[in-house]
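What follows is a pair of complexes built around subunit A, which joins subunit B in one and subunit C in the other.
Right after this comes the complex of A and B.
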């Protein structure tokens, strides 16, 4: 815990030093209750005082960068967030000299869904949260509960290969030893299902979708913004009918537009108000891209996503042998 | 009239109703709880407030208003139009007082002297609300600040209050009283007092209400202050989670789905936080940024609507927009920021 406190102070000092030259710095503060953080747009010393970097601070600040075009802003980024920044830079959607990156070597963030499942009462009744080194002490509806941080970490953090920012102007915390990425158990379990079972799963799950487009708007790589094919009214490319088929169709469009671009920050799944496990689709697509193109989005600067360019002869697609 | 029903019997009662009518109830699935059409084998989940509001009962996310059949020219006929007015009854079980009250915001808009929305009115009149009183407020709850409370009966036909072993059911309307005639309901006896005590305790737990009465005027004062709205909307991602979760948001969009010679006119929920909401045919958009759109959403709920409808705030205080917002935008904070903004000298 003391480590985190000193890191927070170190981070604040770094931000303080540059705040005058930046339009704002995007980090996190405590949200509407002790269990939830919310993005913080730091413009003054008073704002800076509210900054938090606890594992509850989950939002990907890279999502907001394209809204600040032409202005210079700062971002507090974890490893996965830095991948989104790299991808945005690679696609020339933002300029490197318009972002100052305050990087955090990250030990993972929580999944509110896992916290909900682990608590003895509805997290809506939370009264207090105390962060220990490896656990969360939560008072909910008058009851005390201690949750092991490891058990409530977001799936993306469990086998994260890039906990440390891959690009940063200031780096806070200690770098981790190299790690091996792995797909989470939920992914393997889903992919092991037969087609009929997968179909039944999506039919049921997509019946919950209300097409609020939180998954789209929170995605740092969804940059069509106001011109998305799903909501264009002239022409109406997609039916507005709210059926599992149409809802799934939108998700297919979403995931295919992210081919080779998705940095697996998990924001789509986190943002979904009805808990649709959208990362099942993202991870599967990313696996295909790794296998076919040997490409992984946002891990190196100056790389173009494979579908935004073409090679006369793709190294792994043996067309001549077809 | 107050009766008592055990937890198991409430499940039986709901299943029995579902054999004859459409029943919408909170059901757990995939780690979340949403209102679903109750089908055999489904269990009621009263353990949490359903994520999506019961608005679907009176204002479905998607409905076919009419179908048009076109005919080839040589047939001599031109087209046939078929209206699809809703039929049948719907019973909503396990909604909370806030969600039930959502429809009270619809009424002054969809049933006026001049305009009557037959789709909404038929659904509303065919709907029965069996509401569950809240025993304890969540951190996002503020129904008491918008003229309601955790055991508010307004808009309900029956109010259930959880007591030891089951629920006390209080008939609010005649429709409710008839339902309580079912043999699964027992004499409430002393349980009625237990329910009254629980409702009083829930209200007490909510603490002091915030006074939103100056919001209408104060929000208008900030109307031209785009710096204020830009700051307030900084973290908003301009998605539709808030409006689609909201029991009181009543805006809709109409589109035509055409396939060959058949076209269907669909009505779907619309979302004022989306760019296309006010996009005009000319290409001009009076609410071109999320700051403009957030200003409208707050203004509509806490200023323009109350001005038109006798001071009634177009918000039921359920907190879904706060809880489900991917960025944690807090409607209370935004309105309070306008209320607390220092007046110009």
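Right after this comes the complex of A and C.
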């Protein structure tokens, strides 16, 4: 992991150089145990020392940017995070001259869910984590377990077409050869289901939802601030009743609001405490938008999501034939 | 609230298949409904009086009428509740005729559905609030698009009525299709003799400004206050100096320029005045054929021009005018008959269109009014007319009747005999459509006095034979096949919407039908209005029309514009979008999606960006409201809550259920 160590030092040096001119730089540090990272808001040299960029550092720092509007901040971004930044820029929700982007060429981050499943017992509090080249050595309750990194990478990383930041002021690490995006197996399996089966699937899955809105709160594209339609009583689109119908209605609203905007950073699914596979809905909607409008969110600057434009006739929807 | 519900029988239109008395009984039990009744014709005077009396007697503060489509009578009932002292937006209409009684026969189901629709209206009304219209002033000026006979009539009537008029004409001269005609049916009077003086009036009227060689580029604004950008194409001639003397056209060495005025029968000079009576009588250069503009050599016109008006450097110019109303009179174009293989697809020079034939007949045409066929200039003896070319034919997507071809074909048969007494005309027709004053007598005269032979049947093919064409077709009355040797074949070409009409419609927010003709507001009762307030239609842009009808519509559109602008102030519809600044996060998505530019960004006292609706510009389309994710921008009278209430009335939310059904 010497490569990563030198990359971390390079990144720290780059941040140190600009720290004085920035209100804050957002990265990651170790969380409540060595297995979990947590976002780090760097405001001083001392904060900077805690910075980590290991594959355990998973959070999308773009989520916090809109709260810093009017200030100048730095962000440490992986490829997928840079897509969120691009989309926010395209929607004029943040200003380019108010963010400095420290880009990391990314080899993927872990899925805590997969790690939890791969460990022999529920990890609870992890004592130590050692990162090998392709392996994770995790010590829980005095016992060490070794996991292959490849096997615990997040789904989005297995099929990632943009591992390198698409926009960055400083770029750390080696760029990857171009890759082709692919649909994960779970997506194909879900889409192959019949309508009745899908209905049954969501009825079951949505009955788990506790309406904690973690999926909304981590979403970098959810920018309604305190005015989310889901918790509004004036327009009463949905009640607070915790039933599969209302829970699913919330997800439908979330997906509709993300049409052509979702950058598939996977934060919603990661944050969900009851493991609802929310990305199934997001990926499906993104596929529709790609097919109908030829649009993919967050891969190029100055592209407006198709549903946020008005055209008398859409280029790819033929409504009449004269 | 105290709501009154009125169920209309519409004679037997509704009561025939809806049990209106039952609907009254059910509606009486709906929330906040304190009075429910039915009446035979609610829109009639006693019906409206019934509403007003009930409002007073039962102290109602909201009214639901279940009757027909709101398209016609919503304004009627709004006025009625207003007469009784209520705000006109405290009224809802349920359509139980078009949506119920006319489309279903099962009385039980219909009654049920009618009651559901009434419930929806009641639930929406419970969330309505009084809205007040704002007033605004208007610009007393009218834009007329198109200088054909319909546009000319509209412009003259508006100008005589005291309005300023801006006329925009795409071609070099006004006059339109009528200026190309030799004579007009059924009186055989000279077309340019009747049209010419009107064209001169346009040029001389002090209230009319004419922009020829110009097109409407964009339109913004709203009824009473449109802002129109006009593109004046470069003519390479300074029209403020040009006297129309014609010296340049005589000396121009480039004589192979296509001649659209003569329907491309001949060629003309690169600098040209299309015809002697042209208005404005100004020369213009065709940049595609001018040697000076193409190759930089020549420049003769500049040398000979006595007033020095030639300007080879001239550029297109954009002019902006403010107008209060717009009359669209863009007319028609001819169907492209080359789509028909049976007529030779253009291989035979002696197969021409009826409009080309008009130019051959006209004294100002390329042959000086002598009928000479294009191939060898010989005078034809046998002339075959084929009707319904690109008209009433589904195979070429032109199922509609072009209307006036029967008449002009009869006219051309008569004129052929006048020009060449020893000639013989044959007319292949489907049936004769001559429903106008003196029209049927006219076609009879063509047959009986002028000896035109009418053959009822379609033509299967035309093929050359020697220096003639053989026209083979069916005579369905005789039940035989016929072959007629022809020296000249004239196709009575059908009409279609003017080129560019669809694009112009988008600019003006006027909807074209599937063939590109503009759709009027109501086919019977609003024939010259469109669904965009302040935009009116005249002439063939709305559908095929002959000259008298087009002129009549020109006057009708002018009457509408005069009526509109005779008011000092107009009222804006208060059903427009409104921003809840507390919810607005200033993302400006609504600004980007608004098709009318009716939303702007403003900064509040805290320096935060907020959206703001310009009420008079907003058309109430609702695109902003579906764009805003947090529901901060709402369409008044159609808020999320009002629509959700209607949905919930139909599909009541089932509490505590755990199923999706």
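Basically, the second predicted complex is superposed on the first by the 318 of 322 C-alpha atoms of A that agree within 3 Å, B and C clash if a C-alpha of one lies under 4 Å from a C-alpha of the other, contacts with A are read in each partner's own complex, and residues count from 1 in each chain.
Note that in this section a residue touches a chain if its C-beta (ideal position, glycine included) is under 8 Å from a C-beta of that chain, and two chains touch if they have at least 3 such contacts.
Just so you know, these numbers come straight off a predicted model, no measurement behind them.
Undergrad: Fit or clash for subunit B plus subunit C once both are placed on subunit A?
TA: Aligned on subunit A, subunit C fits beside subunit B.
Undergrad: On the A-aligned overlay, A:204 touches which partner chain: subunit B = first, subunit C = second, or both, or neither?
TA: So A:204 only meets subunit B here.
Undergrad: Once chain A of both complexes is superposed, is A:245 in touch with subunit B (first), subunit C (second), both, or neither?
TA: A:245: touches subunit C, not subunit B.
Undergrad: Check the residue A:196 against both partner chains and state whether it touches subunit B (first), subunit C (second), both, or neither.
TA: neither
Undergrad: Per the overlay, which chain contacts more subunit A residues, subunit B or subunit C?
TA: Comparing subunit B with subunit C, the partner touching more subunit A residues is B.
Undergrad: So in the superposed three-chain picture, is A:304 touching just subunit B, just subunit C, both, or none of them (first/second/both/neither)?
TA: After superposing on A, A:304 lies in contact with subunit C but is clear of subunit B.
Undergrad: If we overlay the two complexes on their shared chain A, which of subunit B and subunit C does A:236 touch? Say first, second, both or neither.
TA: In the superposition, A:236 touches subunit B and subunit C alike.
Undergrad: Tell me which partner A:257 touches in the superposition: subunit B (first), subunit C (second), both or neither.
TA: second
Undergrad: Tell me which partner A:225 touches in the superposition: subunit B (first), subunit C (second), both or neither.
TA: both
Undergrad: Quick check on the superposed model: minimum Cα to Cα separation from subunit B to subunit C, whole Å please.
TA: Once the two complexes are overlaid, subunit B and subunit C approach no closer than 5 Å between C-alpha atoms.
Undergrad: Check subunit A for residues that touch subunit B in one structure and subunit C in the other, and list them.
TA: Residues 225, 232, 236, 239, 241, 243 of subunit A touch both subunit B and subunit C.
Undergrad: Can you check the complex and tell me which residues of subunit B touch subunit A?
TA: Residues 29-32, 34, 47-49, 51-52, 61-62, 136, 138-141, 231, 234-235, 237-241, 243-245, 253, 255-257, 266, 268-269, 271, 274-276, 279, 322-324, 326-330, 333 of subunit B touch subunit A in their complex.
Undergrad: Can you check the complex and tell me which residues of subunit A touch subunit C?
TA: 91-93, 199, 202-203, 207, 223-225, 227-229, 232, 234-237, 239, 241, 243-245, 248, 257, 304, 307-310, 312, 320, 322
Undergrad: Using the touch rule from the top, collect the residues of subunit C that touch subunit A in their complex.
TA: Touch list, subunit C to subunit A: 502, 506, 514-516, 582-583, 585, 587-589, 592-595, 623, 627, 629-632, 634, 639-641, 644, 653, 655-660.
Undergrad: Can you name the residues of subunit A that touch subunit B in the complex?
TA: Those in contact with subunit B are residues 24, 31-33, 36-39, 41, 59, 63-64, 113, 116-117, 122, 124-126, 141, 204-205, 208, 210-214, 216-218, 225-226, 231-233, 236, 239-243, 267, 270-271, 273-277.
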